[in-house]
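Naming follows writing order (A, B and C), and every chain is counted from residue 1.
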Amino acid sequence: MDINKTQLEALAKEEPKKFKRKSQLEMIWIRYKKNKLALFGLAVFLIIVIVSISTPLFIDYRTQVIKQNIMDKFQTSSAAHILGTDQFGRDILCRLLWGARYSILCGLGVMVLSLSVGAVLGASAGYFGGIYDQIIMRVLDVFFAIPMTLMAISIVAAFGNSIPNLIVAISLGQIPKMTRIIRSSVITLKDQDFIEAARACDTKKSRIIFKHILPNAMGTLIVEGTLTMGKSIILIAGLSFIGMGIQPPAPEWGAMLSEAKNYMLNYPYLMYAPGIAIVLTALSITLIGDGLRDALDPKMKN
Amino acid sequence: MAKYIVKRLILIIPILLGISIILFTIMNLTPGDPAQMLIGDTYTEDALVQLRSELGLDKPFLVRYANYMLDALRGDFGISYRTRNPVFAEVFSRFPHTVAITFLSIIIQLVVGVIVGIVAAVKQYSVMDTVSQSITMVLASVPDFWIGLMLLLLFSVKLGLLPLSGIASWQGYILPAVAVALPYMANLIRLTRSTMLDVMRMDYIQTAQAKGVPKKKIIFKHALKNALLPVVTIAGVNISWMLGGTIVIEQVFNIPGIGSLMIQSIRNKDTPVVMATVMFIAVLSCLINLATDLIYAAIDPRVKAQIKG
Amino acid sequence: MADKLLEIKDLWVEFKTDDALVHALNGVNLTVNRGEAYGLVGETGAGKTTTCKSILQLLPDRVGKITKGEIFFDGKNVPDFTEKELEAFRGSQCAMIFQDPMTSLNPVLTVGDQVAEEIELHNPGMSKADIEKRVDDMFKLVGLLPERKGEYPHQFSGGMKQRIVIAMGLACQPELLLADEPTTALDVTIQLQILKLMKDLKEEFNTAMIMVTHDLGIVAKICDRAGIMYAGEIIEDGDIEDIFESKYHHPYTVGLFGSIPDLTVKTERLHPIQGLMPDPADLPKGCKFHPRCPECHEECLTKEPEVYQLSPSHMIKCHLFKDVKEEGGNN
């Protein structure tokens, strides 16, 4: 059935609709933008990252972060010290800003390490299956049975509490979960038709994994990665709090809290700032993770 | 079903083996000599050598490991390097405190978490829902030790209602339990709400509506069971995490539980104690996982079918 | 003179989402008489399911709304019912069975329990024993073994699940059954079985039915009357003879018939109707079918067609049939 004359005339009168193909990334960003909370999280997080990177530019570690000024100790809010000073007369704001460096660095480090190891292990275990898969899963079960905090403490006690050690220690606790998630994504994807098609074309196995499977599992990966980062920041603070992480006088937020605890009865204000900093950082990351999850999965929430 | 349980119980053994190897290795790699730490600052070389020999520290690694495992099988977990007391007794004496906190914490989490989650889902978009969404979002990102500190500040220092530290009375357990519970609870609320929302959108709920089933019955009979399935799994995972997670909280509240024992032992390189505590927790963890799976199977007939074989 | 059971008058339904206002139903008029099977035909998105859900007031809470019109069941306007009246109405006077049997049944309840619940809800005094007997009877009626009522949905095949769903729907012998594409999700061979079952049950209980389908073959087999639905309106309505044998049809209906491949004729290409169903959030002006209509003329672009009765039983909503009358119309 062909369009008749009347319809042709009608079509001609219509405005041509603009049809622009948007790339997938653009679509994801558009959906992400709709979520006000996610944007807020992203903004806060970016600010924190920028702060952590740029602090050496305007704060000098030795004079402002570490140096003790016993004369100025225990001051509350003032013009010179916006957040006050601590028990050694150090400016709390400066310490707080500097402390961001540890959290962001370790958080990112854990995320990258656990994601990459988890991705490789999980994807290969899921794809190849068989004994290889079984062995990996059993070994991971062992690591999974050891509570995260404990694992971290043991490794730190054994190998020292340098930052790389901390990152490895915490990653070890996250890797099993990452591997499991990716493995199950891969197993689901493996059976789908488009992989059959790739195999039918005689594609090399590694190519299949890297080019076809991983990009599709990417969504879950990224969301889990951000959530891991949030958790590890809290964990590091916890470790430092009990003295098994970053030690004073470094202004890591957890370490600051452990010092503050000693003065809780008389100077409770020391406990507020570092705690709020931890919460803000972890919260912004969680918001980003949730926002990403919603943006990547466009099913309507109504 | 019984076969399945037995199989799972047997599987715990290789896990324990694995953990013990890993831990033993790590503890031995830790710099520091337990004998040295024990003996203090004034000692003679001979005394040190003798102490080492008493503790069995002079034998090669594998021998020590083998001895340890053999003893453990007989129920003898050795003697603490630090206190010279049998490890088992040490661990056991500390255990109840941690368990009390964990148990109380679980109850708070489950009861409050699930109920609030269900209400939030049923009354979606209401004020209560929006408020609880925001609160849980923040709570899920708060470190439990900081909540503990803040709670201490409020209830102990400022209000004087609850003890500052320790477990002199039963009140001493409340704040630690709440502090541990809050982040997990926040997650449970969000999870319950989201699974409940998903379930309410399912076709079979529409079928029930079309049959004329009243709303209350739809929620409690048709939706709840389905919604609780993922919640059971996560709750189980939470519980096994909590066992090892009280470490930091115990420091905040000065609780003489397993957590503080562990830190002490790791610092002192008191290997026997560390090994025993971790293995103990690991066994508990596996048992909890097994219990979770069984409860899940009891609720979901599809899984029950799988297990029965 | 047939006895009206259901009368939908000028029903308009809107869905309000964050992005758009969707005009799902735009003035639907539909009548079903007692004991009669009415086929509701149309492509996906025409509004067939929405119509059925509206009858039972099952539109999604905050999103769907009846903006205008009435739904009379046995003389009473259903949208006016209270919650309690609705609960009594649903399942016992009017029941609905849904399209996908795989997801229509609750996976954690036994199938026997799900059927029993229906009976128990609408027969409050009934003893447990009587309810169980009724469940057994229903199972036998739909061709299932009553011994299996303690099993769970996942233990049944798709066809059997649909039988269970039908058993649930008819358990209280409703006067009207809304069947939303009950065979679409099933294999062709099973389809025939289920259709025969439904036809038998309809005759046994004298149940009126609205059979929603996009398959004209099903309409021919089982329905007494039919309506063709497009973009939220019924654009043609009549007895089965009108729909299949009349020489006058809405151009869309012609397209539907024409798109059925004929096994006896050798053709090079299939003849689908050109174009797509319009976006209900952005409906065309004038006659909603005009962008796809081969008979489209000037008037169609701006003026909506009225209802034109070609005979007492046959209605077409199209400008082409303004003054057309059919001889020997069916009563």
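The definition used in the following text is that contacts are C-beta pairs under 8 Å (C-beta built on N, C-alpha and C of every residue); 3 or more make two chains touch, one makes a residue touch a chain.
Model, not experiment: these values are computed from the prediction.
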Chain closest to the middle, measuring from C-alpha centroids that were averaged per chain: A
Chain at maximum distance from chain A, centres defined as averaged CA atoms: C
Separation of mean Cα positions, chain C and chain B [Å, integer]: 54
For chain A paired with chain B, centre-to-centre distance based on mean C-alpha positions, whole Å: 23
Rounded Å distance, chain A centre to chain C centre (Cα mean): 50
Multi-chain contact sites of chain A, meaning residues that touch two or more partners: none
List of chain A residues in touch with chain B within their complex: 37, 138-139, 141-143, 145-150, 153-155, 157-159, 230, 234, 237-238, 241-242, 244, 254, 257, 260-261, 264-265, 268, 271, 275, 278-279, 282-283, 285-287
Chain B to chain A touching residues, read off their complex: 14-15, 18-19, 22-23, 26-27, 29-30, 137-138, 140-146, 149-150, 152-153, 157, 240-241, 243-245, 247-248, 251-252, 262-263, 266-267, 269, 274, 278, 281-282, 285-286
Of chain B, residues touching chain C in the complex: 125, 202-204, 206-215, 221-222, 225-226, 299-302, 305
Partner chain B, residues of chain C touching it in the complex: 56, 58, 62, 83, 86-92, 95-96, 98, 100, 103-109, 117-118, 121-122, 152, 154-155, 165, 168
